[in-house]
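Two complexes follow with subunit A in common, the first pairing it with subunit B and the second with subunit C.
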Partner chain A sequence: MAKTDIGPPDYKTMLPPVISRNYGKWLYHEILKPGVLMHIAESGEALYTVRAGSPRLISTDHIREICDLAEKYCDGYLRFTSRHNIEFLLDDKNKVDPLIAELTSLNYPVGGTGHAISNIVHTQGWVHCHTPATDASGPVKALMDEIYDYFVTMKLPNHVRIALACCLNMCGAVHCSDIAILGIHRTVPKTDNTRVPNVCEIPSTVASCPTGAIRGDMKAKTVTVNDEKCMYCGNCYTVCPAMPIADPDNDGISIWVGGKVSNARSAPKFSKLAIPFLPNNPPRWPEVVEAVKNIIEVYASHARKHERVGEWIERVGWERFFTLTGIPFTDKHIDDYDMATETFRTSTQFKWG
Partner chain B sequence: MAKSKTPLLDELEKGKWPSFVKDIKQAAQKSPMAEDLLQQLELSYKDKIGHWKHGGIVGVKGYGSGVIGRYSDRPDLFPNVQAFHTLRVNHPTGWFYKTDALRKLCDVWDKHGSGLTNMHGSTGDAILLGTKTEHLQPCFDDLSAAGFDLGGSGSALRTPSACVGPGRCEWACIDSLDVCYNLTMEFQDKIHRPMFPYKFKIKVSACPNDCVASIARSDFSIIGTWKGKILINPAEVTIYAGSDLDIQKEVCDLCPTKCMEWDGKTLKIHDGDCNRCMHCINLMPKALRPGKEKGATILVGGKAPIVQGALLSWVVVPFMKLEPPYAELKDLIERIQDWWDENGKSRERLGELIKRVGMRVFLKAVGLPAVPQMVKAPRSNPYVFFWPEEIQKEVK
Partner chain C sequence: MPQIELAGKIYEVDEDGFLQELDKWNEEFAQAYAKTEDIEGPLTEEHWKIINYLRDYFKQFGIAPMVRKVCKDNGVDMKKLYELFPTGPAKGGCKLAGLSKPTGCV
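After this line comes the complex of A and B, so read on.
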């Protein structure tokens, strides 16, 4: 019988000796070049971090290749970042360039530091989830191919965080990203009245709907959806397989901009709607790639140094954002959903008194 | 040469960014499950819809979470992914690994699953992507023997995560790794056995840069901060002044509280006005450091949009010292969870519950005093409620 509740391995056993020795005693850091950080400790010791991109969905053999590299260059110590990057942790400066050379020869992008576009946080999409309105890995790959140069350089006004979630459940919590790519359904689930009685339990189906849009029809042993209340979340399909929400022609992608998480300068903020709908066009989603590239380019050429996308837009004004990017403003951009709690302090910015 | 069975996905092998399609194909060499995943995904690319469905709770003995059940809606075409469940494996805090541990994980997964992973999922866990129902328990047994455990899913405490903090960052005001690991170990039961109204997430960032996005992605956000003066090293300021950094324009002018003064020689900060946004420290790491009295700001309520719109976490404890064994912190988490557990409706996140009943009720229930740091501004509507004991009783 396997032991339960042992918890994850103790991170202290995973730290490279240079980190164990200087834990909590770091003095400053420098970005030596794109993808390379140098942290200097009070002891004078240095830690070199080499950051490389990954597609997130990786095979065990790919992980073993990463292990080989870590063993060859940094005694087997590495970490992953919350944005799915791989970081090699070195204590020997002389090994940095040979590592980068080998990474480059194996087609790993090295970068994602400083004023760059780091890896795109994303979710499962068609690879593993049951309610996606679009794929996740595919649009990410197509977009990263096109903006690759911004990953391996640091030439933007500030860093640009991009995230993708494949439905409005937003597992990737994309709602505070500089640019968020969000899959949306636009049509109500298609209830198959002949199958509902056999495969679905009516009370739990009714209860699954967050907006109360589903009514049980006990006589016909099926359910009806109030189209006006449905906001296309797909929860009902989770409980009732006879209510598929996917719609190949009407599912697609929306683009949101100007969110941030860090408290630097301005408070954290939500991303706001820029483009309500773009079609799903696999395998390379050209409309989505073009739209995101356009926003990045306009930001790159108009924002002041250190301005995040949202800070730039707030300085110039949203009306100018739409003019500069050429994105049409529509009635969809005007909020008509309930949003309150505006007076809560959603930041760590306050005075002690 | 035989025509490719995956012409659409093949397109995604082109281009400079590493391709997930190559990884799926690599795994497919060894695993029929990965091969069928590839073929089903190609069909999704053709049909422009997903081909997975929900159905049937699966898991491992003794746990109610850690496994996401998944079934193909075309088992006729793709029998090897008829069931394709994922395991969420709790990552070592900070996502630090020694390769021997990673290799063990790979060996277990090659033995029991598709050979495909997410390093890492957006929950923070290492995701072992796809296996059959009968492999779940043996896979868990081998994971456990290799020193790994499952993370949270469903209406449970989710795997807590932390920024790299003192492991590598000079700005860490708290030991984010230790806090996270300590809470993870303390709350194993809450992670593995869902018993809450809904999910509950804890994330720890060691300074207001908030590199794990705890303010946006957790119900209980712990963010390092400090009291007192930002430490200034004048010699380093002088060196920055001689570099291509324009201290006036790039640092002082962008300070949100305009509390910095620079006369070309000396940098002055009026710390009483500083809101600790980190901007100046970010730009001049050698010259400026967070103040000496360190601790954390605790914020609650953050969540993604479902059901009532997205919320960012808001302040409930402006400053808490965080030192092992973190008794005050754990006590607060327990009080908050108990109150939520008792009062929350099914699938109501903490933030939504507070929104429904009001901060006044929340604060009283968990025993926290109201302080001005909690709000951007006092209320402007006049619909003020008082407690019964605050009302003058009728004098008979």
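After this line comes the complex of A and C, so read on.
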């Protein structure tokens, strides 16, 4: 039997020597230009990092190409960031520009640093998951194509984190990102009662529903859904394969704004609903791309320096956010779940739009 | 739907080999299936104790028991469960016991 429970390899065996030597002894860093960082250690040694975009879903051929580049410029060392960017780690400043030149010739975008829009954290979509309401790789590519300029420059008030999840399981970061793209359903699951008894645990299926819309009948070994109570979360399908919910005509995308995870200036925030529904329109998702671009542009022209999207909105007020972006405010925006009252306005303070 | 022949009988199974007509389960099914779940030789008394427990629990409550419950009620620990069912209590144990396939983010 193969050896088990050996854990991941020790990361210290894979550090570039300049990092090993100065581990825990860094003094300061600078962003030399978009995509290029310089860290200076107490010893005076410098580490240069060149950050390049990646589509996250990559072939082994592509990984080998990245390895070849690392071999040529960084003695074989590289890392991936928590937003799936590639970082080439160099100790020789003279190699930075030749590396960038070669990356550019191979169509790697160099950037994602500082007040930029870095990579989009995203999920499996139609490539691999069985519960998505939209695709991941497709919309991400369509959007990054249109906002490419924000990846390779640093001209926003602060960085804007964009994330995508293809269903409201929210694998990843949509609930805490400046702008979030989230796949949603709009139809009730279709229960196949002939399959339920063999492939589903009825009590688990009943318990999976956040609104209590599902009733179980242990004797008849079936479940019934109260359509009026269902808000199409799809959780019952995750638990019970005999309740498919995907619907090509009514599935689509919602857009959320104003989340953040850092504690800089303000506490971390959840993202909130901005646009309840946009259609799935593969392969380029033009409605989604346009909506996200609009939010970025309005934010870029109105926010103060260092203000994150959520901080800007909270300063000007949500009614101003909707007026400035031209996004219609609808009944769908009004929370009606457990803690809804906390989200209502209990004050006379508001602006006339 | 895929089918599998075990001890001379045909069963409807899904792509992971879970029984699709739960009422067709029988002891020969479990025994004949054991080797695909890395269990060598005949099922022991200890195996049957867990398999029967899983079946009784499913019959009574309509769900598979949580793994802590399996351990507590049978006086075994996780290590022992994995010794009995090398592919695990869910994939191995529930499959042989003819329970529905575990769902969720497995």
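Assume the second predicted complex is superposed on the first by the 309 of 353 C-alpha atoms of A that agree within 3 Å, B and C clash if a C-alpha of one lies under 4 Å from a C-alpha of the other, contacts with A are read in each partner's own complex, and residues count from 1 in each chain.
The criterion applied here is as follows: a contact is a pair of C-beta atoms (placed from the backbone, for glycine too) under 8 Å apart; a residue touches a chain by one contact, two chains touch by 3 or more.
Being a predicted model, the structure only gives us computed values, none of them experimental.
Residue contacts after overlaying the shared chain place A:54 against subunit B, while subunit C stays out of touching range.
In the superposition on chain A, contact is made by A:130 with subunit B only, not with subunit C. Here subunit B and subunit C are compared by how many residues of subunit A each touches, and B touches more.
In the overlay built on the shared chain, the residue A:226 is in contact with neither subunit B nor subunit C.
When the shared chain is aligned, no partner comes close enough to touch A:193: not subunit B, not subunit C.
Contacts of A:169 after superposition on the shared chain: both subunit B and subunit C are touched. Judged by the touch definition given at the top, the superposed model places A:239 against both subunit B and subunit C.
Applying the stated contact rule after C-alpha superposition, one finds that A:201 touches subunit C and leaves subunit B untouched. In the superposition on chain A, A:330 makes contact with neither subunit B nor subunit C.
By the touch criterion defined above, A:218 reaches subunit C but does not reach subunit B. Residues common to the contacts of subunit A with subunit B and with subunit C across the two structures: 169, 238-239, 241.
Subunit A contributes residues 1-11, 13-15, 19, 23-24, 26-29, 39, 47, 49, 53-64, 66-67, 70-71, 76-82, 84, 86, 107-109, 121-123, 125-132, 135, 137-138, 141-142, 144-145, 148, 151, 168-173, 175-176, 210-211, 233, 237-239, 241, 246-249, 251, 261-266, 268, 270, 280, 282-284, 305-306, 337-353 to its touches with subunit B in the complex. Interface residues of subunit C, counted against subunit A in their complex, comprise 14, 19-22, 61-64, 100-101, 103-105.
Residues 169, 197-204, 216, 218, 238-241 of subunit A touch subunit C in their complex.
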